[in-house]
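Order of writing sets the chain letters: A, B, C and D. Residues in each chain are counted from 1.
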């Protein structure tokens, strides 16, 4: 019963096979192979426009170098207070941008509140040389709370960003899970709603290591080859990422994987809702379930072999003294058996 | 006839197979899986002491974060004037150390001249607050010129570094090629000669993506987990690197791959030496051959399907006006057929 | 009626005279002149121990380079949410430390709440490679709200810092104002309460440009000469700062200046408290008065020639819809006449 | 006999007087006072066009932040191998640009050789993501060798920069000395020859602390207020610099000071040329004299009270085994008496 994280899974068999298939033969290095070019073209199709795509090693690198590409002196990125860039990247955005800051914006359920965003942008410390200057707005889709911004919500935030002349970034470490949850297209969920810059993650959804920065406007990407190389993020045998993305994006494998993960999460959520020993912290939209579970019950679950992490309780959530907040994550590799067994244990 | 670079090859079949074999099942992320630990133990055995090993995405990252781990304000790294850190990393060492500099030291055949190293360390600009302070010495083994430092040469440079209290780093992007060329052991080529810090490369020698920073003294590595995470260089599914290194280091695969590459390079060199249309720029020690070839002949070779890069002529080399300097690189995947065909063409 | 800021004043006549007196003659540059050494010795006397003192150009530089001297990868400084480092330095701490972050800690009246500090230090994002590591605690004395930490309050925060092995920094841009308010000594207000590192400001209290970083333990300062030089903060004609500090610290001029400023602020506060058109936002302890003034009244004051800035309303303060929060700052140069005139206008 | 450096002098009496005169009264801080504006206007007149001028604390800061204003990822500044940015700034350009490099270009007598500059720009490591990208050309006027580029020489280098689309920077720490040596105007020596960006130094020529970055095109300066603030280089009581520049630029004081320094240097040079115990290393153009003096003679000079520094011998200079290279610097404060006494001693 593996619910610790979607990065505890390995690689999807089709992706492993694709990697092996491309292992032999010679190909140009550093992203200029035929397979690299084919995958770049595939991104154009998926996003229904000419985009510019760059592979990097990790989601943290994608976010940080994305921010570096729009960095300004004294720059301030506005992101949700629980954003990965704030809580889980050890200062990589600050480091790789050469000192820009990521300022937390409030909002329920992991989503930026547009009114608070506007306030943060208008705050003196993001408008004058003494304090700094707002330089980007970033949302996470799906969010760190397992929720998903609706298309309208993305559009509203995009409008705030645009009104203040700020690039709009989406951290899509779990892009496919959000896409499937909304039943929409990549184009609708990004540039048609104002997104300029995307961290496109494949690793959590069935790849070994496949992360990319996608520029919706190729003209904005001219300095990125230097930014990436300078950060030690340009793979020499780049085709090993290309091969993964090729399989990932072929025959809707990525959407199927995400759909499976979301479905498993919904079943987990239903089991928790039905349980007398546990309750949902909030309704999950994608592949992360946040549950408040009694101490005794959670110990028993772990003893029975379930893996999952305790989570920091947000200010707005009330948790009893003998309860704790836990996060359970599903993935392409989560089995129905594991979910059913968990459901039985918690019932 | 692929002689452009050792990173034009894909992955060795045994490594591809190992990757596929580890694709299924769940495992702890971020380097804490059983396989990660097993590989860490394997490094201890290979180096005949307890070392600390960290996977990173690229050789540039290994070098730059290695330097970041010994960085000091106003710091200056002394490296050969043709070092990868100076010529081929787009300023990554400066960027990822937060501003340290890499100062070129002279020396023939890609190797630091110890006397010039001493001079550089004693130069005012590396000793006082006005100029900065020397912070590390770095050698590349095998070098960017395809030569290999002898054990004595490494020891001599190590002694200079130690005398001035400077950490001694080895850029081992082609570590195995040097090891095989010298017929020695990892321990003999590193810490027994004073090396403190190693960039250990597997990518050019048969892996997809397997680079590591090795600290000979684990106590020197306490801040590295933060340095690596902050640079977006911590793989979530770290076991995909572990699986590659596991196969790479098993049954001496890495040494066999390197031996093959070096042997192919030696054959290429012999063919060039015997040719009336070309000559060796200098004697190769590992898997890179530098040849001076007449313009007509090099055009003909390319037309016949050989890939190789033109190279910048070092100051001490004389090249005729109708000649050019070229680099030819072999790898585990170089075929005897390609080498023989090239030999025939150039004869 | 100049209440905009204490940096709208010029230099105290005694300091201007000292500067002129030292203008002729030759002296060693970069801080090694006799006068520089004399002032360094004067700091030892004032702090009742051997300290190490470094002049820098601004308070922002003092704070940022102080933090750089204790920086660690992924490092997080804990400071009050309204600290100068967070609100007014345009990201200099992040920039000059190479990416450390300053995390806001809550607390009333501009002072860190020790319990919230402990929480912030224990938060996962400041303890593991994924999030980062706490690297320092910083208080501002007197605070940005014009309040002053008591000696006990400083000691309590110092104890939290020490318990977690964190250096304790004090931003003393208005150090003298706090000292006079508490009626204590520099030693009692700093190292005897656990302070390791001090930004010592003279500019706001009668100098042209006299800011310093003071290390309570000289052994902690070995890298600072390089840090300062590398930041372009080493004055060649350093004695022009030494001359200012020499006059500033002579015959208690600095304490007299601060006492005058605090006294003027107390009179302003009394006038505001007595006014039917205004009220104090909170009781001032030093030379900054925060007042809630009706819109009509504040317009009238400005029309009559009073200069002062509007201030961002903290979350915990209630301000009526026709009122605003203003900050009034006094200095050594504030005249009784100006204060009396303001008192009459507001009465 | 003070010939150690032009920064061993204090402030010119007129400048000290101006500072005292502006000490009283209140004025807006951070560069927005009337005096700041008046000085900005004065710069427009001197340069015969609308420029944008920013005060900073040191020449190192001026150079480094100037470079930061044109920085690009993987960026490489081309400067003479003995440039202050390379030899004397402890890595500040790398640090404050967030990792750009300064690449040494060869050339005799402290001046960039235009052909070598072109070579350096065309080198692969400054043209592709792997190596980096040239981002600026910088000359020092007068040079670190005490020579002065002719207007034609500046124009030639400016043309190379322009041909490659690179901003052209002049380090004018001794701008006035060069100006007087050439008998030309600021406009002729800068933008009329292609200079885009100038570090304008007043400190070595009679001020306490007066350094500025001058943008020939104000449109290029929009981000500089943030760059400067973020580096802790924005003086609060900025008028103390303005007051110095006001006096410095009034009634040609700056040109008179420089003329005096140059004249004193010429006399020193004549005395050295006439001496049987010493000779000129090369002909000085401004206020720095480089002399080869026998060991016994130099000891005697020092014993007699002369201060001057030994200098690193450039590769192209031959110095006997019992000789050393020394630098003697004159300033506005150098007295004829000191020069005459030195002349007698060396005769």
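We take it that a contact is a pair of C-beta atoms (placed from the backbone, for glycine too) under 8 Å apart; a residue touches a chain by one contact, two chains touch by 3 or more.
The model shown is predicted, which means the values in this text are computed figures rather than measured ones.
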Task: Pair with more cross-chain C-beta pairs in contact, given A-D and B-D - done: B-D
Open item on the list: Going by average Cα coordinates, which chain is farthest removed from chain A?
Closed with: D
TODO: Provide the C-alpha centroid distance between chain B and chain D, rounded to the nearest whole angstrom.
DONE: 41
Open item on the list: So the centre of each chain is just the mean of its C-alpha atoms; given that, what is the distance between chain C and chain D in Å?
Closed with: 34
TODO: Take the average of all CA coordinates in chain A, do the same for chain D, and state the distance between these two points in whole angstrom.
DONE: 50
Open item on the list: Where in chain C do residues touch at least two different other chains?
Closed with: 30, 73-74, 89-91, 95-96, 98-99, 129-130, 132, 226, 229-230, 234
- [ ] Spell out the residues on chain C that touch chain D in their complex, using ranges where they run on.
- [x] 2, 4-5, 7-13, 15-17, 19-20, 22-30, 56-65, 89-92, 95-96, 203-204, 208-209, 226, 229-237, 239-240, 307, 333
Task: In the complex with chain B, residue positions of chain C that touch it - done: 30, 68, 72-74, 98-99, 129-130, 132-133, 223, 225-230, 234
Task: Interfacial residue positions of chain D with respect to chain B in the complex - done: 73-76, 86-91, 94-96, 98-101, 123-125, 129-132, 312
